[in-house]
Amino acid sequence: MDIEKRLREFKIILPEVESVGNYLLTRKVGNLVYISGQLPKVEGRIVFKGRVGRDTRLETGQKAARICVINALAALKAEIGDLNRIRQIVHLRGFVASAIGFTDHHKIIDAASSLLVDIFGDAGKHARAAVGVVDLPLGAPVEIEMIVEIR
Amino acid sequence: MDIEKRLREFKIILPEVESVGNYLLTRKVGNLVYISGQLPKVEGRIVFKGRVGRDTRLETGQKAARICVINALAALKAEIGDLNRIRQIVHLRGFVASAIGFTDHHKIIDAASSLLVDIFGDAGKHARAAVGVVDLPLGAPVEIEMIVEIR
Amino acid sequence: MDIEKRLREFKIILPEVESVGNYLLTRKVGNLVYISGQLPKVEGRIVFKGRVGRDTRLETGQKAARICVINALAALKAEIGDLNRIRQIVHLRGFVASAIGFTDHHKIIDAASSLLVDIFGDAGKHARAAVGVVDLPLGAPVEIEMIVEIR
């Protein structure tokens, strides 16, 4: 299975990675790559804003989660050159900015998990945590972190 | 020290693990096992709900934290077969859904930390973080993640 | 570059580490050290309290973030003896207790990231996540976790 081909099948185009200041989008240690918390940015701008369950619908939160994953994969590709080097997605942590009283954070993060499994199959399955918060940087509804094992 | 015996001494019965959809309860990489965020579920249902300091008392939050740890150990056992293979608990992160203004999150997570040390002795000691949030998935008062080194 | 000398140049004096009960300030696994979530404590007391954007100004939050990093380095030194053994800072996660509606959490965590780069140069660069929450243990405005690779 060629991952670049899979991405094309899903019509996923990995964006240019943005430069960040005093930290890194990814840090490699041994055969693990830690990916910095990704926001639903497109061309440098947050495309969905606000809290899920108040300003933002569940489905919009799920779209935002998928964009976070795509941005994470773009960052990873910039680090490792070829996404076919991914051996397994190890871990995904998703923070969901949500209306007070909202308790369906896992449904937002399910969209991120499903996208990884769609693209990578069993290698895309991961341990994960879904957590609710009130606000995220730049007003984003979702922030996603990942750890990936490469070969 | 036999861990199964220790569990019996503490009258801890590890539950059947629940199946999850598009992610994994645990992911192994090298000799580390990442355990997905565990909620205080018994037989598939959240047994304590709501925010500590508002709907839920401190002691109830501590009970919930212990159930999260037991569920994490059940997930780990399903992955590695025998809990005697645990070399050390590396890390524990506990999120506590709490009333606005509540600042004793660490006392909830202390119950999780203490249970691990009770069961595993020095091998059960871990680096950790205790964090407050407003809401967690399914209305749970506590969510606990762990990383474990196995032999 | 001698790290102890760098710390002196920045007039940073690492504090005595505090003893914790049923967990550890650091846990080593292989050549990684996980550092427990650090609060802006000086001599055992939280020196800044409250939520950034309400009780606490942005600049105060940044000062708090720097103290968290210094406490993390003190904990790390107690584990590894000599900070010159640091090969790279792998990951930093910063939780910011903030006023509802505050979305500049990354600016608080930037202060932590910058301090690490100031001290360690390229080895201090790291993957990271900045997350907003409503309350943190003991009323701290910032909590910082780190993973470090040593040689």
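In this document, chain identifiers A, B and C correspond to the written order of the chains, with residue numbering beginning at 1 in each.
Here, a residue touches a chain if its C-beta (ideal position, glycine included) is under 8 Å from a C-beta of that chain, and two chains touch if they have at least 3 such contacts.
Everything quoted here is computed from the prediction, not taken from an experiment.
Engineer: How far, in degrees, do you have to turn chain A to put its CA atoms on top of chain C, rounded to the nearest 5?
Structural biologist: Rotation angle between the two copies comes out at 120 degrees.
Engineer: Validating interface symmetry: for the copies chain A and chain B, is the fraction of residue numbers used by both over half? Same or different.
Structural biologist: different
Engineer: At what distance in angstrom does the C-alpha mean of chain B lie from that of chain A?
Structural biologist: Distance between chain centres, rounded to whole Å: 25 Å.
Engineer: Scan chain A for residues touching two or more other chains and write them down.
Structural biologist: Only 30, 93, 133-134 qualify.
Engineer: Could you please specify the touching residues of chain C with respect to chain B in the complex?
Structural biologist: 21-27, 29-30, 34-37, 93, 95, 97, 133-139, 143, 145
Engineer: Touching chain A in the complex: which residues of chain C?
Structural biologist: 30, 32, 88-93, 98, 100-106, 110, 113-114, 117, 125-134, 147, 149
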